[in-house]
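So, here's a batch of structures to check.
In what comes next, chain A is part of two complexes: it sits with chain B in the first one and with chain C in the second one.
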Partner chain A sequence: MEVQLIKIEKRNDVSRSIYFLTPVLAIFLTLFGGGIIFYILGFNPIEALKFFFITPISDLYGLSELLVKATPLCLIAIGLSFCFKSNNWNIGAEGQLIFGGIVGGGVALLFYNHDGFYVLPIIILSGAIGGMLFAMIPAILKTYFNTNEILVSLMLVYVAKLLLDYLVVGPWSNPEGFNFPETRQFSESARMPILFGGLRIHAGIFITLITVFLSWLILYKTYLGFQIKVSGLSLKTAKYAGYKGKTMIIIVFMISGACAGLAGVGEITGPIGQLHRNISPDYGFTAIIVAFLGRLNPVGIIFASLIVALTYLGAETAQIFLQVPKYTGQVFQGMILFFLLGSDYLLFFKIKFLGLKKNEL
Partner chain B sequence: MSFDLNFIGILIGAIMASSVPLILAASGELITERSGVLNLGVEGMMIIGAISGFALMVVTDNLFFAVVGSMLSGLILSFIFGLLTQSLLTNHVATGLALTIFGIGMSAMIGKNFVGIPGKEFPLLFLDLKESIPFLGPIFFGHSIILYFAFGLPFLTNYFLKKTKTGLIIRAVGDSPTSASNQGINVTLVRYSCILYGGAMCGLAGAYLSLIYTPQWIENMTGGRGWIALALVVFATWSPIKVLIGALIFGGITILQLHMQAVGLRIPVQLLSALPYIMTIIVLVVISRDSRKIKLNTPTSLGQIFYKEK
Partner chain C sequence: MNTKLKVSEISKIYPGCIANDKVSLEFGSGKIYALLGENGAGKSTLVKILSGVVKPDEGEVFLNDERIKLNSPLDAKKNNIGMVFQHFNLFETLSVFENLSIDSDIKDEDLRVLVNDILKKYNFKIDLDIPVLNLSAGQKQKVEIIRCLIRNPKVLIMDEPTSVLTEQETDDLFISLKQFSKDGILIIYITHKLKEVLLLCDEVAVMRKGKVVSVSNTIDEKIESLANKMVGENLNTIKKKINHFKNSEEILKISNLNFKSDDPYETNLNNLNLSLKKGECLGIAGISGNGQNELFQILSGEIITEGTSIMFRNKEIGKLNPRERREYLMAFSPEDRISQAAVPELKIYENVALNNFKSSNFFEKGLVNEKKIKEHSKKILSNFSVNTDNVELKSQFLSGGNLQKLIIGRELITSPELLVCFNPTWGLDVGAINYIHETLIQINEQGKSSILISTDNDELLKLSDRICVIYKGKLSKIMNADTVTAEKLGILMGGGSID
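Presenting the complex of A and B:
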């Protein structure tokens, strides 16, 4: 006789508490999965996870580093949430970050022997505009030529990387730099102010926090935010309501591009201080995970960015203490997204454990 | 004159070789997409195939195991994708991205101990014919068996999709899963199979890179080829023969820019390297402009989640 132990039922409405609890479940499952991977690699899983997730933030310097990494991640993810909420798949934030960095860095190099309070704001603004313009390419191609935005935004990442490479090797390389692939150091007034002496945490965190607040305002308190959400839920409804679909696609791409550009400029004027080949350890791609983990919600994204930033730090620590490559961080990031998406199943379905009753046996 | 002709023959042979990973990955993804599933994890499955193939070659010293193992590893990764999108009904785009991020990270983790190890020579067929026949020799002979397989694959795929019952079922599932399901077809099973097949082909494409094309392991060695393969499927408007043509065009651009770099033209190397990516965008724009043509060929349910009430 066949006995059914588990019964799966469709939920009638999505439970609010489960909606925000599944990310926590995903994080625990990732820790578990990570432990298994470390065990296979021949490490004591508990010890390895401790090196990965606790050692990096056990002192003040570590906490500051956590915020340094979370600052760009949170900023980019906030921008992406506008795109993802309205079903626009901008996955080229990495390219927009780099292009923003290039434009901002170019302006910073123009002012390399200038001092003045106006220098930094101009650089920041130009970086944001750079990212915005770069993001408009896939948006315009999507709206007017029906081109797939996923592929175009991604191809542009490679273009931006190669452009940066060309500039730092060629025309923008430091004239006194012995042909190293890097530009001059930016002047003092082109750098983000450091918040605490001896730590790397910089004023870019305020840009991120202000952006989070503004996006909350736009998403939940304005007509534009309402339009974005409606078109995400049903394109047909949005059309019926007469929303200008094309304009909105371009606007959400502009917002997310500007955020990525700001993140890029924050990196080069903050921790880096010049342009070189690797101005971003794939923040633009990782921010996609942050956006999902934070449920495309501004507050959720703040928490998610801290957790994902920890995987960067953990990978660095594990590289030193366990000699595993820094890419281990990416394995964890991929796993978080797997488990998060998988546990979304619980949002729409109830799993009932029926157990065995005596009369059934 | 015969020397020049021979050089052109060698050039065409090189273009064919560089298009092989694109043909394999795009043909696999084409079957997956025809069943209505959009798997953006091509890049991740390719890179995992590349490292597994190379690692197995080093460890077992057996190229057959290496090739089969690379296909298996692509298949395993695509199984994760299948499990999530088909059984747990997750969003195809997000899951595919996670697969790529995970695959790149995992490949670097496994590949750590294989950096700098020289590859093994992969047997090339008909080498004597390649030398003895000018022009046609370097085009048709002296390639690996995988290249011959890759160039036959689009025709096989075309026949399979158009003339066989299984092919018809796959297209039916991709165009209307609900009607297919009502006809008694197990949509989930068909889609699982197509996902796994696509994964195996992407794994093979990766192995071609690490075992034959540039026989060594380099981190991130797929360099966006997986994404170009995805673009190729759109470019081909889901037709296998056009995948072959598209892959040859991209192979041509790759070889052309390498030669232009070698000749030392006064064009920045980076601009030449960016050519394949820029061309992809331009080609996508040209193809997609006619939205009717795209709509006519796109599997209607592409990327949509199918759930059958039990």
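Presenting the complex of A and C:
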């Protein structure tokens, strides 16, 4: 039998513009792949894609919803970029989001009878601290006990979820809520200000934008950012340069957790207004895709969060108009990641065909 | 069963170096052959050719007078040539038996019988059903050997097999090898340890710079004669530099340094003592893998050993990390210039910023001072004749020589009191080597000290004021360079002792 021998070689220099263009290519491939899936399901692919990607944002309300969804995604992804850039694989942003939500929500319930400008900032701050502390668990276990942060951070997601479940069913459930698994509605002063009447878009978007700017500043203009960059490229060099590896792991996890916690508190004080079981439609996991689609670059992440937010909206529209389950949205998110990783592989490696050879096995 | 293996006129040329230059050797079964040489002498290339990993540019291999083609490791297996590499190729989480059955065509039941026979015959004690990760290095090596024995090898090649073994395991290995030889297997034993050659082997071929320089019976050889052949006798002619600072103050003192690693591929360091004077260059010779890497990292602060005393300019620095040691005016040039001393994906000025300390002001109040770093980088590029003035260039586009100049320049432009360098000239062309050598001599003349860890004896004899040898994690006595000859170095490097 003759077999084709192939060899995979690393490409030496990858052009910067193509590096930032491949995510766009991945999005087009996703549209194409999505079209095929719709076709197999018996829909007109063009029509279906239109329902999925155009209809949801063809009015003001739709655009506002897009920003409502993009706000937490962008915030979490920007935090994750600190971890990912320095080779720390924080997969548990969802848990940090929920824990931030729990802490922020707890404070909001505590201030149930208070009015005042100070209430909201305290809630937001405590949410950020909650996420930060929760993210420090995998960081400290990694630095002092050499555990794998992927496993620990992932498993802690379920801890946070179950804790939230317990709280909203048990001690924190609304006394007047007929045993529904939810807390009281937060008071007005504990809610994010709405920007335009009738739309759900809220002040959380400013928190996100400020965080993006600060992150850009830290990553590209500070010593900390430089150390993160070097550690991500070569741990050996970071060690040789004398960077404090352990401290840095803890710092990036803290930043990342604080961002996820902010996102969580933004959700419960923004669109939701209370704590219940499903405060996040897996934003913490989806943000991983956003971070990579945006090339871990602050500006890239803004665009990526808008695109991925659209898959959430599209899934809802598609559920209404095409009667397909809303999990189609996750199929699209999966495809984006799949095509991105695939095109990245071809971007960084080339495949050489070495010709036919007789198989002697 | 008689086996004859012959290599004839084998040549292999890599860009910039001739690894094998018309190598011809003959081997016959019943004897154990040593292939002896320093790093880079060409032994590994020859062995890789015999095991089908590397194809020669010229030359032929004959097994029992029949020409054989070795285009792949599979061809070597088919011709019953077995090879045990220095680094094990085992799946750690699989059991011993699973590891053996993976690349065997024999049915599992038959294989088990066969393996049990081998275990009994050679008195190996290994549990076949425990995962490989629970085995000691010596046992793992036995698994590799059994893997070869399953195929009834005519030739068994062992590549530096004792580098990961304890003394007891080494003795066991030698007993087994002698038994294999008695059973008619031709054994080729690659090493740079002179004692082992005399202890184990019948014939010895010495290689130097890609050529076979001598073939002889080991009974006719002594440690001294082999050492001479291995390192070459022409080194005494090199002019040594003059030490202007014979009676200067002591700048560095390390006492009773011990380091024990969890990694079996790392070398433990035992009771190291050394001291260094101002303006002096201390050379540390040795064949690579004898603890140089670990010693460098301990000097640079990448490894912090508990309770070790390192006094530098009368301050205890043993607990400081590399960046903190730089504050005390130490500088480091590691062996791996491509991916440790610099990051290939970073621009030149970013790589310069790696050597940062307070007075450099590269980062003020935590912010990057790009202008300052770039100015500083330009100064390095021009002062150390790096062949570019573009600080925005990614360092992956620099040639080895220019990259090394950049690194040495980065380390030296801050006028450190001590520079520790590890194989600073490996793989460089003659021009760059000369430049680096001149630079290293210059810093000594300016009263700055240096430690040169190198596997290149020419370089050591040319640059050092005092020399010692590291062997299996132990330092020899420190000798004045003018009393050191190539022969002495060779003996010490091969584990022998002098006087």
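Methods note: the second predicted complex is superposed on the first by the 335 of 361 C-alpha atoms of A that agree within 3 Å, B and C clash if a C-alpha of one lies under 4 Å from a C-alpha of the other, contacts with A are read in each partner's own complex, and residues count from 1 in each chain.
Note that in this section a residue touches a chain if its C-beta (ideal position, glycine included) is under 8 Å from a C-beta of that chain, and two chains touch if they have at least 3 such contacts.
It should be emphasised that the depicted structure is a prediction, and the values quoted were computed from it without experimental measurement.
Visitor: Which holds for A:327: it touches chain B only (first), chain C only (second), both, or neither?
Guide: The answer is first: A:327 touches chain B but not chain C.
Visitor: Output check: A:237 vs chain B and chain C. Expected answer is one of first, second, both, neither. What do you get?
Guide: second
Visitor: Determine, for the superposed model, which of the two partners chain B and chain C contacts more residues of chain A.
Guide: B
Visitor: Is A:338 contacted by the first partner chain B, the second partner chain C, both or neither?
Guide: After superposition on chain A, A:338 lies in contact with chain B alone.
Visitor: Between chain B (first) and chain C (second), which, if any, makes contact with A:226: first, second, both or neither?
Guide: In the superposition, A:226 contacts chain C only.
Visitor: Which partner does A:154 contact after superposing on A: first (chain B), second (chain C), both, neither?
Guide: A:154 sits against chain B, while chain C stays out of touch.
Visitor: For A:350 in the superposed arrangement: first (chain B), second (chain C), both or neither?
Guide: In the superposition, A:350 touches no partner, neither chain B nor chain C.
Visitor: Touching chain B and also chain C: which chain A residues?
Guide: Common interface on chain A, chain B vs chain C: nothing in common.
Visitor: Enumerate the contact residues on chain A facing chain B in the complex.
Guide: 8, 10, 89, 91, 141, 145-148, 150-152, 154-156, 158-159, 162-163, 165-166, 169-170, 285-286, 288-289, 292, 324-325, 327-335, 337-338, 341-342, 344-345, 348
Visitor: Give every residue of chain A touching chain C within the complex, in rising order.
Guide: Listed in rising order, the residues of chain A that touch chain C are 12-13, 220-226, 229-230, 233-234, 236-237, 239-244, 360-361.
Visitor: Which of the residues in chain C end up touching chain A in this complex?
Guide: 74, 300-302, 321-326, 332, 334, 336, 339-343, 345-346, 350, 353-356, 363, 366-368, 396
Visitor: Show me the residue ranges of chain B that touch chain A in the complex, using the header's touch definition.
Guide: Result: residues 40, 80, 83-84, 88-91, 93-95, 97-99, 101-109, 112, 219, 224, 227, 230-231, 234, 268-271, 273-274, 277-278, 280-281, 284-285, 288-289, 291, 294, 309-310 of chain B touch chain A.
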